[in-house]
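Below is a structure I'd like to ask you about.
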């Protein structure tokens, strides 16, 4: 079994392609071989039954690469929606719909974090006003107790525990966290610290990309 | 519910007057396809097709399952062509729209019912085990003619796909993992490719590979699927403008030449993917040493 | 007598400004239902209450009531794992428990809860699935874990986890043998086989209000006002099985540490309640 070719605290090469599809905003975000395309449509017309008088209705659809969407994808939709709802200034767009569609293009682990980052970039690309930026990254604790950040699919299958974190850019507070498996408090806070550092790297990458596109 | 805005009268008249002179909005001739780019890989069975601005992704996956009781010697092939609001704004997920049903029916007719893939070769142990192949087609961007793009994506993905190797010794079935034994390609009888025509006015004006705007003002359409043995697999003319027999025969002749062009592109893409794969394995061998 | 038009009745105030209403209570270190911020609602557990199932339980946390029933069936195992059985948890949130749920296919909340329960069973390896094997590659037990919420007043996940785990502990299966000659699985009339759980996880949910106040075991009203929820699952040896935090305002590691301490204390409470219910 080939061992990991990069150091445990190094994330894979990030690649961002804005305007991947023709929508109000879209972006392709890649962590190495994991890619998710996110498209944002909005603010746009909303159905009467979903209309909210004082803020925008945010609708997220998550489509997996293989098979029909199931409960796992519904959970991803719930997570992305609640993370993004808190950063979008939805009270600026009352009675409208912001429709977010995430399509998995390639799956090599860490797919939820890839989707959250793609959504963040697509929202910026669409010009939706946000008060903060959400960046996400995942890590695993493997059977030897080592922490590996940005895990690949084969590393996740053999992991002792799997942690996904989403941080906010301004305060670096924790916006979202999902940890499953068997782990101790110490391991958890170690993962938290390592992922926080990686999140800073991702923010820098995003900022560079935006600067590149604007000049 | 977001509806696509209808074209204004000005735009309609501009397109029609252009067609009368044999020019289209993007400068093509009436019998020209848009630029076609097919990217295969990095995994086996993954194909991304860009036909102009229309983007489609197809992924083939396989699993072992029990064959259907009425077909004990055959494997299964399922196509999933769910439309998403990414390409079609205002789509309600869960309820299949008219367009979705149309796309799904044409692809099923062309690929599944026509037996493009050899399903008998997918059987491992009669009545007990067989391969079930799933093709998931995802629509990323719609600028017209999603059916042709989806067909190209599905066929190229199926041609590129490799399934794990199986050995059957008596009652014992071993499925070799991909890193132990090279996976095997599917056995494909023939490769049908769809070509869509759109008709305007009273049938005198027609185009091949319509863009989104042309689709919105067309009066009738026809889809012809031709395979590598120059046989017509599907001819779908569902309603719309009545056509003369001569037009249909002319269109099928044109479709045959277009299909050859598309097939060449698919072969190039497969050759490219094989090159990349070879270079990658060489690199891995060098690094591991 | 002139009524002071600026003084609202408490009910009206609660309807118009629910957040401010809650804030006033929190400032006095108390919650609208009289509890302190770190107080759990009275919890009761009933075991083996449904005799037609293989295992069952009923859990009440305050007004939230969840009934869990487990039914066993025989099925063919997956080709890749011929020795493993299946556990299929599913929670049903229907209009019977709260008017906010509509009839029809499972809504988002039900799907998310079912997924989380499934994840917990898998990642915490609660049950060794090979113990459900009857004959390798041919027949295994599949346990359908059906949870029905009868009354929804917040904190449904905690109640569901307690319900699911206690129902699993009192599951009784018949002895099953595979007969080669007939190709059938024969089972005894008597239900004597019990399951041996590898781990007993219990969860604790805390809501975060205004980015600083931790409201333990939130009611439905508190859940709808606060967008933040932190759920922590511990097992019997103090290992963490799951941490889940969604939505709302960013929180700090201090909040998580506090929640973990609360969760550890509560684990002992739940264990005692479950033990006394047998």
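Lettered A, B and C in written order, each chain numbered from 1.
Criterion: a contact is a pair of C-beta atoms (placed from the backbone, for glycine too) under 8 Å apart; a residue touches a chain by one contact, two chains touch by 3 or more.
Bear in mind that the values here come from a model prediction, so they are computed numbers and not experimental data.
Novice: Looking at mean CA positions, which chain is nearest the middle of everything shown?
Specialist: A
Novice: Could you tell me which two chains share the largest number of C-beta contact pairs?
Specialist: So the chains sharing the most C-beta contacts are A-C.
Novice: Rounded to a whole Å, what is the gap between the Cα centroids of chain A and chain C?
Specialist: Here chain A and chain C have centroids separated by 27 Å.
Novice: Using CA atom averages as chain centres, what separation in Å is found between chain B and chain C?
Specialist: 45
Novice: Can you work out the whole-Å distance between the CA centroids of chain A and chain B?
Specialist: The separation of the two C-alpha centroids amounts to 30 Å.
Novice: Counting only residues that touch at least two other chains, what does the list for chain A look like?
Specialist: none
Novice: Can you list the chain B residues in contact with two or more other chains?
Specialist: none
Novice: In the complex of these two chains, what residues of chain A are touching chain C?
Specialist: Residue positions touching the partner: 71-72, 74-75, 77-79, 82-83, 85-86, 132, 161-163, 167-168, 171-185, 188-189, 192.
Novice: Per the contact definition, I'd like the list of chain B residues that touch chain A in the complex.
Specialist: It comes out as residues 1-2, 42-43, 46, 48, 53, 55, 57, 59, 61, 80, 82, 84-87, 89-90, 93, 134, 136, 138, 140-141, 143, 287-288.
Novice: What part of chain A is in contact with chain B in the complex they form?
Specialist: So the residues of chain A in touch with chain B come to 2, 5, 20-23, 33, 37, 39, 41, 44-45, 47, 61, 63, 65-68, 99, 101, 103, 105-106.
Novice: Provide the residue numbers of chain C that touch chain A in the complex, in ascending order.
Specialist: 108, 111-112, 114-116, 118-120, 123-125, 227, 235, 239-253, 256-257, 260
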